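Look for chain A in each of the two complexes below; its partner is chain B in the first and chain C in the second.
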Partner chain A sequence: MTASMWSQTRAVTERDLLRERRRGEVFWITIPFGAIALVMFPLAIGIDAVLLERIGPGVFWVIVMLFGILVSVRQAATETTAQRDALNLLGLEPAAGFAGRSLAAAILLLIFEIVLGVIVIVLYDLPATGLGWLIVMFPLVAIGLAMLGSIASGVVATGHSGAGLVPFLVAPLSVPLLLSATQALEGLRLGRPMLSWIVLMVIIVLVLAVLGTLTARPLQESR
Partner chain B sequence: MGGDTILRDVDLELGPSTTLGLFGANGAGKTTLLRLMATLLPPSSGRGTVLGVDLAGNGCLDVRREIGYVGHTPALYSELTLEENLRFAAAICGLPDGEASEALDAVGLKGAAGRRAEACSHGMLRRAEFAVQLFRKPRLLLLDEPHSALDADAVDLVDSLVARTTDAGGAAVLVSHDRDRVNAIADRTVELKAGTLV
Partner chain C sequence: MSSAPIVSANTSAKRWPWPAAGTAILIAFFFAMVSPSDAVQGNLVRIMYVHVPAAWLAYLAFSVTLFGSIGYLVSKRLTWDRLAASSAEVGVYFTGLTLALGMIWGKPTWGVWWTWDARLTLTAIMFFVYLGYLAVRRMTSDPVARATRSAVLGIVGVVQLPLVHFSVVWWRTLHQPPSIVRPDGPQIDDPLMLAALLVSVVAFTVVYAALVSKRVELARLDEAVADRERTADVPVAGEAVTAPNLGGAS
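Presenting the complex of A and B:
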């Protein structure tokens, strides 16, 4: 009997979320550190409300990117060789593995974004408007970062390169996502049109989805 | 495979309903040979077929579902319970949760189903991995040191798992240092020396 792509994806997602629930790395380590990083900026700059409001969106997304990549790489890189071998023999479709890991990491990242989003609105005096746009924007960034992390950890797991390669792989690929997310949030703050930035984010996410799906099998086979 | 030679002129043929015992000194390449047979390692040269599929070709991906491999290192997720681990494996195979529960019962782990893998002994983890093979029903069963860290009941479990596979027309390969135990259940035995089977 063979499981469908969807049921395999769901099984991998549930596994990763259950493992995270038991480990608590995102909730007890990453989120508090991300929050501390957000708090550090106003402390370092001083209480300059205008400046904080201006840099708020950029600071928020930079912190989400940095910590978010750590979350998604960590989530996807905790499998041992024995576990990867077992998954291969169980018949896990590489694309389902990629999708499942990415979905789990995206859910965790979304929670991370929401918690940090509340903090940045309070600390940086950002207007809490445009909830509809945020509902679109936050998941897009979370999914994009999660897929980027899954691809990067897949490359690292091949053993041809060390974990040190991850920042060099991820940094250039995350720039378009970071730029469009920052510009979209800035557009929301200033009441400027932001649809084009959202469209760019959608395109980036689709490109990453195709890239991740196409590279899943070659990366798995080269381990 | 890198600078050092790992295996060389291995020549092995294994028919249906056969159990092969594979012996050899530490570092002789037994595990490497098992991983080659499991299609987890592509050969750098030479040729071989497993379940009728060329080891160097793309067809390996299709036969993997029919290969069961239990290696040295447990492949269970330490944060999950034994039952959650088996249910996950069953879900990937497209089998209902009930298969996982039945298999745990069959290997004597029903009482420990809710225990996290990180809190289990090595022997219990091995039993759980045998349980996965029970519901997978592989045509080729590859066991690396299957008798290590097992009590008498679990050793019998290995024997019955092997018998079940071969009775169904499959084949089993057991890598072991326990010659007496393997000799008792194997149809033939070979020894790996300097990359050659003798």
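Presenting the complex of A and C:
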């Protein structure tokens, strides 16, 4: 990555984070929405403390994946064709655009995971063990989901009418990440080896990074 | 504007799919019928002669979609896109067939239509991934944009394939592990059953090739029709309006 690429990536990331600071969609809508879902689960399945402790980690990851999609695909609904055209005319490298959007979404997703993680530990009475592993897992899931969202947004890229399709594309594609995360957390809970699941997550993230970078230009040219 | 016919005369090369597919299916049907029934499952085992080939074709179809997608992004030739899309379409059909037959087999064997087994669930997820691929293709009528966007999805989607295949190894599942492609050789003891299964795999592969070949041809014709409509001589707006005759005005 050249210096120009870095600066472009940073500019796109700062733009997306600034937009989030102004609008507050993640902080004031998605995070409370996810918290409500965490509260509703026990109401729906019955207040059984043992059962809740058993399913808590899985519920957490499912909510992170489903609600995290809303975070990762924000740009599909917010970035207009005119804005994309302006960025192209300014000479934005497609790969830098992909990296910048993904990085911004990953930062927001990481915050989303941490807030919901604290809520699920408190509400579902989960033991806060293995924090060291969580420090590795949370960013991996956030980066993977953010890149999937960026790729899917690039594939759809038809403004508001196509934005509805993005979650349909991202949800099934995020299943490998979801499985790795749940299996790793389960391994952590039961004291089983979990390194292989972390390695699988790293591989998925690397594959997505390569695919996203390589396909950024053709996707931009197809608009 | 070209007046050449879009559909060219039938040639033997274009006629082969249906006779070949029909013959292959008849042979496979014969083998499936003469193979013995299973000691435990009885005649229910014959579902295997369609279920296993359908699952194999899902793998094959989505792998071809991957190669077609890469081929398009590298060469920018729409031929690759047609191959990728046609294969995905046929693959979705065979994945649906795999799931349906698995459920029909599961009800009398496991007692339920559906169980949360890793292989079953991941196959269903794969089905949805490629439904998404087909949905993306319907979003735009511009062939180049459609080809590029779906090619990206055709490459990303293939991540599901190893996950589905190795699910029976990575998790303790209700679904049996691989019974043919194994390091210690096939696990089917009866040679006639094994032969029937292999023949049906070959037969279904011929059916897949026939369907994809026809679908590719149909896609080419679709594009030719769209292209002709776009470039056709159509009346220009205002053409019917003539200048008023102002009589003696000069």
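Heads up, the rule we're going with is that the second predicted complex is superposed on the first by the 210 of 223 C-alpha atoms of A that agree within 3 Å, B and C clash if a C-alpha of one lies under 4 Å from a C-alpha of the other, contacts with A are read in each partner's own complex, and residues count from 1 in each chain.
We adopt the following convention: a contact is a pair of C-beta atoms (placed from the backbone, for glycine too) under 8 Å apart; a residue touches a chain by one contact, two chains touch by 3 or more.
Treat the numbers as computed from the prediction; the structure is a model and nothing was measured.
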Query raised in the report: Now for A:Arg22: first (chain B), second (chain C), both, or neither, which partner does it touch?
Result: first
Report task. Identify the partner contact of A:Leu165: answer first if only chain B is touched, second if only chain C is, both if each is, neither if none is. Result -> second
Report task. Tell me which partner A:Ile204 touches in the superposition: chain B (first), chain C (second), both or neither. Result -> second
**Report entry** First (chain B), second (chain C), both or neither touched by A:Thr129
**Finding:** neither
Query - chain B versus chain C as contact partner of A:Pro176, first or second or both or neither - result: second
Query raised in the report: In the superposed arrangement, does A:Leu89 touch chain B (first), chain C (second), both or neither?
Result: first
Query - Touching both chain B and chain C, residues of chain A - result: none
Report task. Would you pull the chain A residues touching chain C in the complex into a rising list? Result -> 148, 151, 154-158, 162, 165, 168-169, 171-173, 175-176, 179, 204, 207-208, 211, 215, 218-219, 221-223
Report task. Spell out the residues on chain C that touch chain A in their complex, using ranges where they run on. Result -> 73, 122, 125-126, 128-129, 132, 135-136, 139-140, 144-145, 148-153, 155-157, 159-160, 163
Requested in this report: Mind listing the chain B positions that touch chain A in their complex?
Outcome: 35, 38, 40, 61, 64-65, 67-69, 71, 73-77, 79-80, 84, 88-89, 91-95, 116, 132, 136
Query - Residues on chain A engaged by chain B in the complex (per definition of touch) - result: 1-4, 7-8, 10-12, 14-15, 18-19, 22-23, 80-83, 85-92, 217
